[in-house]
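The two complexes that follow have chain A in common; it is paired with chain B in the first and with chain C in the second.
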Partner chain A sequence: MLPKYVKLGYRYLVDHILTFLFIPIMAAVSIQILRLGPEEILTIWNSLQFYFFQILCSSFLVTLIATVYFMSKPRSIYLVDYACYKPPITSRVPFSTFMEHSRLILKDNPKSVEFQMRILERSGLGEETSLPPAIHYIPPNPTMEAARGEAEAVIFSAIDSLMQKTRIKPKDIDILIVNCSLFSPTPSLSAMVVNKYRLRSNIKSFNLSGMGCSAGLISIDLARDLLQVHPNSNALVVSTEIITPNYYQGSERAMLLPNCLFRVGSAAILLSNKRGDRNRAKYKLVHVVRTHKGADDKAYKCVYEQEDPQGKVGINLSKDLMIIAGEALKSNITTIGPLVLPASEQLLFLFTLIGRKIFNSKWKPYIPDFKQAFEHFCIHAGGRAVIDELQKNLQLSAEHVEASRMTLHRFGNTSSSSLWYELSYIEAKGRMKKGDRIWQIAFGSGFKCNSAVWKCNRRIKTPTDGPWQDCINRYPVHIPEIVKL
Partner chain B sequence: MFSYCFPLLCLFYNLWKIFDRRRHQNCYILDYECYKPSDDKKLSTRFCGEVIRRNKQLGLNEYKFLLKAIVSSGIGEDTYGPRMVLEGREMSPTLEDAIIEMDDFFLDTIDKLFNKTGISPSEIDVLVVNISMLAIVPSLSSRIIHHYKMREDIKVYNLTGMGCSASPIAINIVQNIFKTQRNVQALIVTSESLSLGWYTGKDRSMILTNCLFRSGGCAILLTNKVALKEKAMFKLKCLVRTHHGAKDESYDCCKQKEDDQGYEGVHLGKNLPKAATRAFVDNLKEIAPKILPVRELLRFTLLTLIRKMTQKYNKTGAAARPVINFKTGIDHFCLHTGGKAVIDAVAQNLNLSEYDIEPARMTLHRFGNTSASSIWYVLAYMQAKKRLKKGNKVFMISFGAGFKCNSCLWEVMRDLDQDGNVWKEFINSYPPKTIDNPFFEKYGWINEEDPDTFHIPDDYVIP
Partner chain C sequence: MVSSMAEGLIYDVKLSSVGPGNAIEPDMVHEPSDMDLAMKLHYLKGIYYFGKQAFEGLTTINIKEPLFILLNDFPVICGRFRRAESGRPYIKCNDCGVRFLEAKCEKTMDEWLEMIKENASLEKYLTPNQIIGPEIAFSPTVLLQYTKFKCGGMSVGLSWAHVLGDAFSAAEFLNLLGKVVAGEKPNRPIKTKSTNSESLLKDMEDPLSVKRAGPVGDNWITVNNSKMEAFSFSVNAAQLSHLQSKISSNATDFSPFEAISAVIWQCVAKIRESEPKVVTICKMMEQNKADGNNQLMSVVKAAYPIVEANPSELAELMKNSAFDQREKIENAIKKDNGVSDLIVYGANLTFVNLEEAKFYEFDYRGEKPVYVSYRVDGVGDEGAVFVLPGPPKNGGMTVMAILPENEVTELKLELKTEWFMD
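Moving on, here comes the complex of A and B:
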C-alpha cells in the first residue's frame, strides 16, 4: 500500500537508529572541542594529575573486569563442517520401479495401487530417490540384519566423509548424539558408532529416537547445552532415518503415504566450542527454538504409528497435517520473531497488534517479513504441500524455497537429515556468503516445530564433494504439478 | 575516590554473578515414585511353568536349562510381567499391547508423583524419557506431553536403546541443562517395554532375558531451584560414564538380533560378566578419586607403592593386594539388579557385606530385573528401611548394553522416612527368612527325566 521508498526509508531509519542518534552527539562534542582551541586542551590535559600507581590500578581493574565479563559469557557454538550421505545409484527407485513393486505386492488392492500412483504423481519427488536394498526385494525383506546393514551403510559413510573433511580423529570426539526415529536396536546406534570408530570410553553418548523429522534440531539443541557446560569440546551429531523396518506392508491408504515419500538419507555434523575452530568453522549457531504442540489432541494424533486391521504396523498421516503444521509454525514464529527480526519489523508488528486490540480488530494481522532477517531458508522437505504452505505463510519467493523443493526432488523426504541436504544445495550453488543468516525449520511427529538460526562464519568455496556434486548443474528443475505416470 | 568505586563495584558484581550461577547449578531430586503394577500381573511359579510349557519350541533340554537359570536367578514369586503374557498372547504381541503396557505405567506412577509433590505438569521445563526397547512415532515422551498437557516450550528428549544403564544418562542430560539455565524443573521417566521384546524361540542365550526382565518403572522429579532446596531429597555430587563400545567383545556381548529361525531377541553372550567387570573397573578408577576422602586415596597409593617395592626385593612372598575401601566415602550402595551373579560379583569386587547388598538382593527378589529403573527400587528399599540419614552418601551404579557402566553419587539432604513408598505395604516382611526359589521344589523332577521318553500330554495341567 505504502510507496516502496517510504517503506525502505522507515526500515533503514529504525534499524540504524542508534547510529542516527550517535552521530549528532559525536558531532556536538567534536564541535565543542574544536571551539576550545589547542592550547586550552593542553592545559586541561596537564591539570589532570596522573600518578603512576593510579594508572596501574585502574588498568589492572579494567582488564580484570573485562576478563571476568568475557569468561561469564555463554560459549559460542560453531558448526565446523557437515557431510551428507549420497546413496549409490544402484539403490535408486524411479517411478516405474516403485509402481511395478506396488502392483506386484498389492495385487489384491488395485485401489491402493492407484492411490499410490496419484500420490507419487503429485509428490514433487524425482526419479533418483533411493530406498534401501531390503526394500527392493519383492516382497520386501525387512529383517533386523538388513536394518542394521542399512544403518551401518548410511551412518558410517556420512561419518567417514565428515572425518575426511574436518581431519578430526575419532579419539577427539567428546560428545556423540545419534537420532533415528523408528529404528532402535540394543545396543543403540550410538554404541554402534562408538564400536566402529573406537571412540573414547569417557564419551558422552546419547541415542534419541521417536522424535520424528524434527529430531535433527533437537540433537543440535542437546549438543548446544552440553557444549555450554563442557569447555574445549566437540560434538558429533548424526541424523538419519532407517527405512528398512518401517516400510508399510499392508494396504491401508493413509498408511501407504509414507512409503511414497520417505527415502534413504543421513547427515553427520561436527559442532565445536573450541577457540581454534573459530576460523575454520562454516557456521555459528545463533538460536534454537523448540515448540511442542503435544498438549493438543489433534496435533498429537496427526502423525501416529499404529496397526492396521490386518495387524501390520505403519504410520498414519492425518488429513489435518497442513493446518496443524501452520499453527505449530505460528507458535514457533512468535518465539523466534523477537530474537531475529530487525527492530523495524518488530515495531510494525507491535503497532498493528496494538491497533487491532485498541482501535479496530478488523485490521489484518501483520505478518513480519522474515526475508529481512534471513538470507536463506531451509524448510524441511516433508512433502510438496508442506513447502507450499510455508511459502505462503512466510511470503517467500520461489528462490527461497528452491533448496527445499530441489532436495525433495532429488532425495525425497529423508526425515531429519533433509535440512542438511538443503544447506548443501545452497552451498553447491555458490549462494552462501560470509555473514548470511540461515533459518532451518523442521516439523515432526508429536507435533513439534523446531527451528535453528545459523550465521555463515567464513567464505565458503563451492564444494567439490558432497551429495549434489554430480547433479547440481541440472538444478533447479521445474517440477510440474502432476507428473503423468 | 569515586573513580575507584565504580570499577570495583563492577568487579564484585561480576564475581557475584559467577558465584550465584554456581549456586543455581546443583541438581536436586525433589521426589521419585516407583511403579508397582497391579497384583493381577504377578508371575507366580506356577504361571511361569505354564508359559514355558506353552512355547512349543522348547524341549526337555531347554526345560533343564531354564530350571537351572531360574533357580539361580534370585527372583521370587511376586514379580510382575506384561499384560500380554498374562493373557496368553506372548507369541503374537501387537503394538497396542506395548502402548497399553506403557500407559499402565505412566498413568499410575506419574500421577502419583505429581500428587505427592504438588507440582503441576505445566511447571515442567524438561522431560527426559528413557525406555529402551520401544521406539514409536510419536515418541513416548510426546505421549506424556499430550496426556498431561505440558507446555509448548518444553525441552523434551526421548532416549532409547541405551539399555539398563540409561538412568544415569538421563540424569546427565538434566544435569547439563541445569548448568545452563536457572529455575528449571525436570521430569525423568524410566522404564522398560517387555511386550514387543518377548522372545519366542529356543536359543538359550536369548531366552534368558525372558527369565530375568520384569515390569517396572520410575518417575523422578528434579530441580535446580535454590528455593526448593529444603524440600529436596538428594543432591547430585558427581556422575561418571564409561563406554566400552570400542571393544568388540564388549559391544557384542549384549545384542538384539534374530536367531537362526528368524525370531528376534536379545542375545546375552558368555563373556558378558567379563565385559561387565572390565567396564566396572574402568568406571571405578575414574570415579574413586572424585568421591573418596583424600586419606583413603593416600592410604591406597602408599600401600600399592610399598607392595611394588617389596615385590621387587622379595620375589617369593607376595603381600595381599591392597583393596580400596569404598565404604570410607560411600554409605549406601545402589547396585543394578542385573541378576544374582552380577550382584555377587560387584559385592566381591567392592568388598561389601550382606547388609550393603541386601537392598539390591531384595529388589531382585521382589521386582526382578526392571532394567534401567532397578536402581530406584533399591533406593526406595533403603528409604523404606529408614537407612537414609542426612549427609549420607548413596552410590548408584548400573551396567548396560554397549557395553556401558555408569555411576553417580548422591548426598542425602535430609533424614528420609518411608512416606508413600513402593515398598510400604510389605517392607516389614523383608528380608524374608529364605529366598530360595520355589521353582526347584515344583519342577525339580525335570532333571530326572530322560529326553527320549519325555513327553508332556497336551492337556497336562500344572498343579
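Moving on, here comes the complex of A and C:
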C-alpha cells in the first residue's frame, strides 16, 4: 500500500517537475510586483527608453527566431486512414483440412506430419485463417500466375477500401511504397498498383522486398522521410506478404514451421503532411525507431531462406530465434525509452543503472514501465512465443496483448500487415480515444526490431466496416495452451 | 485414391477441399443411427450431366463458392469418422469438408453419352472413387467431381457414403446447392442426434435382407467374390405403358418399378443356376425427410419356381407381400453396438425404387441436367437393380443393374428377346 502511493507521488513529482518549479517562481514574482504598487510600476515602465530603432530590431529578431524555429521543425506526418484486407470464405483453412492435406502431401514423412500437428495445436491460430487458392490443392499449385492473382486480390482490395474511406483520388497520390518480402516479380508490385489505378507519371514509387515481417514499419519510415522532403504531399503505403510462391513443399521440420503460421493478409495506409488533413487524420506519427542486429552472425542467420537436402526452397528458423528477438527488443527499447518514457521512469532507470555499475551488480535491472508511456500495444503477431516473450519482458497485462493474440487467432501471422489488423481490433473494440499513444513493434529477418509510435489525433467512432466487422463480438476468445485436434 | 484414368480419356485432374465458410461451434458430434451403420459399406455415385450454358464462364472459385455457403448447413458431411471406445463409429464435426476434384474429358458430352450406352462402367471415371478407410479419421464421406467435356458441357459427379443417408437425401443436398447458386439461403435446421428405435430385442437372428461381411475393419467397402459390372438401359414412356399393360392383371395396376422389377427378377432367375427365391425391396417411405437413411426395407419370398411364374404374380408379391425388415436390421446392428459390418444391397438380389427421387430438380443457374445416372459401389454378390426417373422429356425410366460380370451379357440378351427392352 505505502510503496504504491510513494511510487505514485514520485511519478507525479518528477513528471511535472517543471510545473512544480514554475509555480513558486511565478508566485514570488507576482508577490514582488504587487508589493511595489501601481505608481512604482509606471515609473519603472517609463524609465525604459523605447527607441523606434530598438523596437524594430527586437521585433525583427523575434520574427527571425520564430521563422527559423518553424522552418526547421520537422513536418508533422499524419495517418489519414488505413484499410485491411478481409479474405473471402473460399480461402478459409480449418485445422482439420490443413492436417488432412498435410497427411496426403507428406504421406512418406509421417514424422513431419506429426510435427506440423504439434505446432498447429500450440500455435495460437484459430479455425478461420486463410490460405490463397493455389495452396488449397493437393499438392499445392504455386504458379506465377497464381501468385500474381493473390497479389492483385489482396492489394487491390485493400486499396479500394482505403480509397473509399479517405475519398482520395488516384491522381492525388504523390508517393507509393509497397513492401512484400518474398514475392518480387518484374514489373514490381508497385508498378502493378500504378498500372491498375492509373497513377500519375511523376509518382515517386518504391518497392521494398526481402525485408521480412518488419518491413511495414520500414515503409512507414521511408514515407516519413520522403514527406519531410516533399511539401504538401501524401503517401500510399501497402504492406503485404504473398503466400503462394513461398509455401514450402519439402519435409524438413524447421522449414515446415512457416507453413503452419503464415496466412493471407494485407493493409493499405495513407500518410499525409498536408495541412488540410490535420483535422481528419486518425493518427499522428510521433517516432520511428529502427534497430538492426545483422552485424551479429547468429542474428543474421536466424531466419534464413535456403534449399533443403532435396533442393526445395524454404525458410529455416533457428532455435535461437526467441533469444535473438529478446536482444533486438532490448536494443530497440534502449533507444526508444528516452524518447517516450516520462522523466520519472527514466530517472529510475538511470539510478538503477548507476547503482548496478558502481554499487552492486547483483541489483536486478530496472525494466521501465512502458505502460506509463503508452495506452495501446501492437506487437507483431509473429507467433505465440513472440507475444508471450514480449508480454513477459515488458510486464504487460493480458489486455495489453489482447489485440496481438486475437489477431493471431483470427488471421494468423499475416507478416508486415499484422500490426494494422491489431490496430483495427483496438478500434473495433471502441478502446481508442483521442490522445492515446500506440506502440507498434515488429520483428523480422535480418534480424531487425522496428518500432513506431503513434498518437491518436481525433475521436474515433467504432468502425462498422473492416476485417473485424462480422466477428468482433465473439472476441476476445480464450485460446487454450493446446488445442485438441 | 484417384482412380486411374483410361488412357487420357479423363485428364488434368486436380484435387482440393471445400468446407464450410464459417467456423462451427466446437466439439459437435453426430451419432449415426443403427440403420445408417447398416449401410456403411455402400456408396452412392450420382452423375448429373449439364449442357454448356449451366457452367459457362464460371471459374473454379465461382463453382466452389456456393458450396462454402451450403456446407455451413451440413456440418455432418464436413466431419470425419472416429470410433468410440466401444468401437461404434461416430462423426466428429470438425469442418474438414468435402473433397473437390476438377477434371477434363477429351470427348464431347454427346460422344460420351453414346459411349456409356455400350459400356456403363466407364461412368466410374466421372465420380471420385475413394472409400472411407484405411484411415477413417482422414477420409471424406462426400466427394464431388466436376468434369468438363470438350463441348463445354459439365458433369457433376457425386460420391456419397450411404452411411450419411439414402439417395433421396443425396439428391436433396445437390438440389439445395442449386438453390444456393440461385441466391437463395438454405434454411436447414441442423440436427445431430439421429433417432434410434427402441431397445434390443433379444435372440433375434439376422434378417433375410442382410448378410454379414468382413470383418472389414477400417476399410469400409464390400469385398466381392465375383467382379461386379454395371449396365444401364432406359425404358421410354411408350415401352413402359406397353410393359405395364402386359403385366397388369384383373384389377391391379402396377407401378413402373413393380413392373420392371418383376420382369428383371424373372430374367435373372432364368440365367442363374439357383433361382433367387428371396429378393430385397427398398423404397421411399411415405414421408421421406430426405435426411438420413429412411428407406423402407422389405423382403419378398417366392414359394414357387420363378422361371415358370407369371410376371404379374411376381409383381403382385412385390406389391403386397413384402415383410418389413427395418427393425430386424437395426437389431442386427444393435447386437454388437454397430461394430460389425453388414451388406444390404446385394445380400439378396435387391430392387431399389428411386422413382420418386428428385434428381432432375437440381437446377444450376436455370439449367436442369440433361441426364442423371445413379449407381451404388459396394453392392454384394447377388446384385442390385435401381429404377430411377429418366430425363423428363422422355417421360420414361432409367434402369441401372449391378450384377456379377459374367451375368451381364446374358441378362442383356434375355431382356432384349423377351421384353424388347434395351
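Note that in this section the second predicted complex is superposed on the first by the 452 of 485 C-alpha atoms of A that agree within 3 Å, B and C clash if a C-alpha of one lies under 4 Å from a C-alpha of the other, contacts with A are read in each partner's own complex, and residues count from 1 in each chain.
Convention: contacts are C-beta pairs under 8 Å (C-beta built on N, C-alpha and C of every residue); 3 or more make two chains touch, one makes a residue touch a chain.
Note that the structure is a prediction, hence the values are computed from the model and not measured.
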TODO: Quick one: classify A:130 as touching chain B (first), chain C (second), both or neither.
DONE: neither
- [ ] Considering only touches as defined above, state whether A:101 meets chain B (first), chain C (second), both or neither.
- [x] second
- [ ] Could you say whether A:234 touches chain B, chain C, both of them, or neither, answering first, second, both or neither?
- [x] neither
Open item on the list: For A:92 in the superposed arrangement: first (chain B), second (chain C), both or neither?
Closed with: second
Task: Partner touching more residues of chain A, whether chain B or chain C - done: B
Open item on the list: Just checking: does A:116 make contact with chain B only, chain C only, both, or neither of them? Give me first, second, both or neither.
Closed with: neither
Open item on the list: Can you give me the overlap between the chain B contact set and the chain C contact set on chain A?
Closed with: none
TODO: Over in the complex, which chain C residues touch chain A? Could you list them?
DONE: 1, 14-17, 19, 21-23, 60-61, 64-65, 68-69, 80, 94-97, 135, 138
Task: Residues on chain A engaged by chain B in the complex (per definition of touch) - done: 57-58, 61-62, 64-65, 68-69, 71-72, 74, 143-145, 181-192, 194-195, 197-212, 218, 221-222, 225-226, 228-229, 290-297, 300, 303-307, 311, 313, 315, 331, 335, 445-448
TODO: Would you tell me which residues of chain A are touching chain C in their complex?
DONE: 88-90, 92, 94-97, 99-101, 103-104, 126-128, 133, 136-138, 141, 485
Open item on the list: Which stretch or stretches of chain B touch chain A in the complex?
Closed with: 3-4, 7-8, 10-11, 14-15, 17-18, 21, 94-96, 132-143, 145-146, 149-163, 169, 172-173, 176-177, 179-180, 240-248, 251, 254-258, 262, 264, 266, 282, 286, 401-404
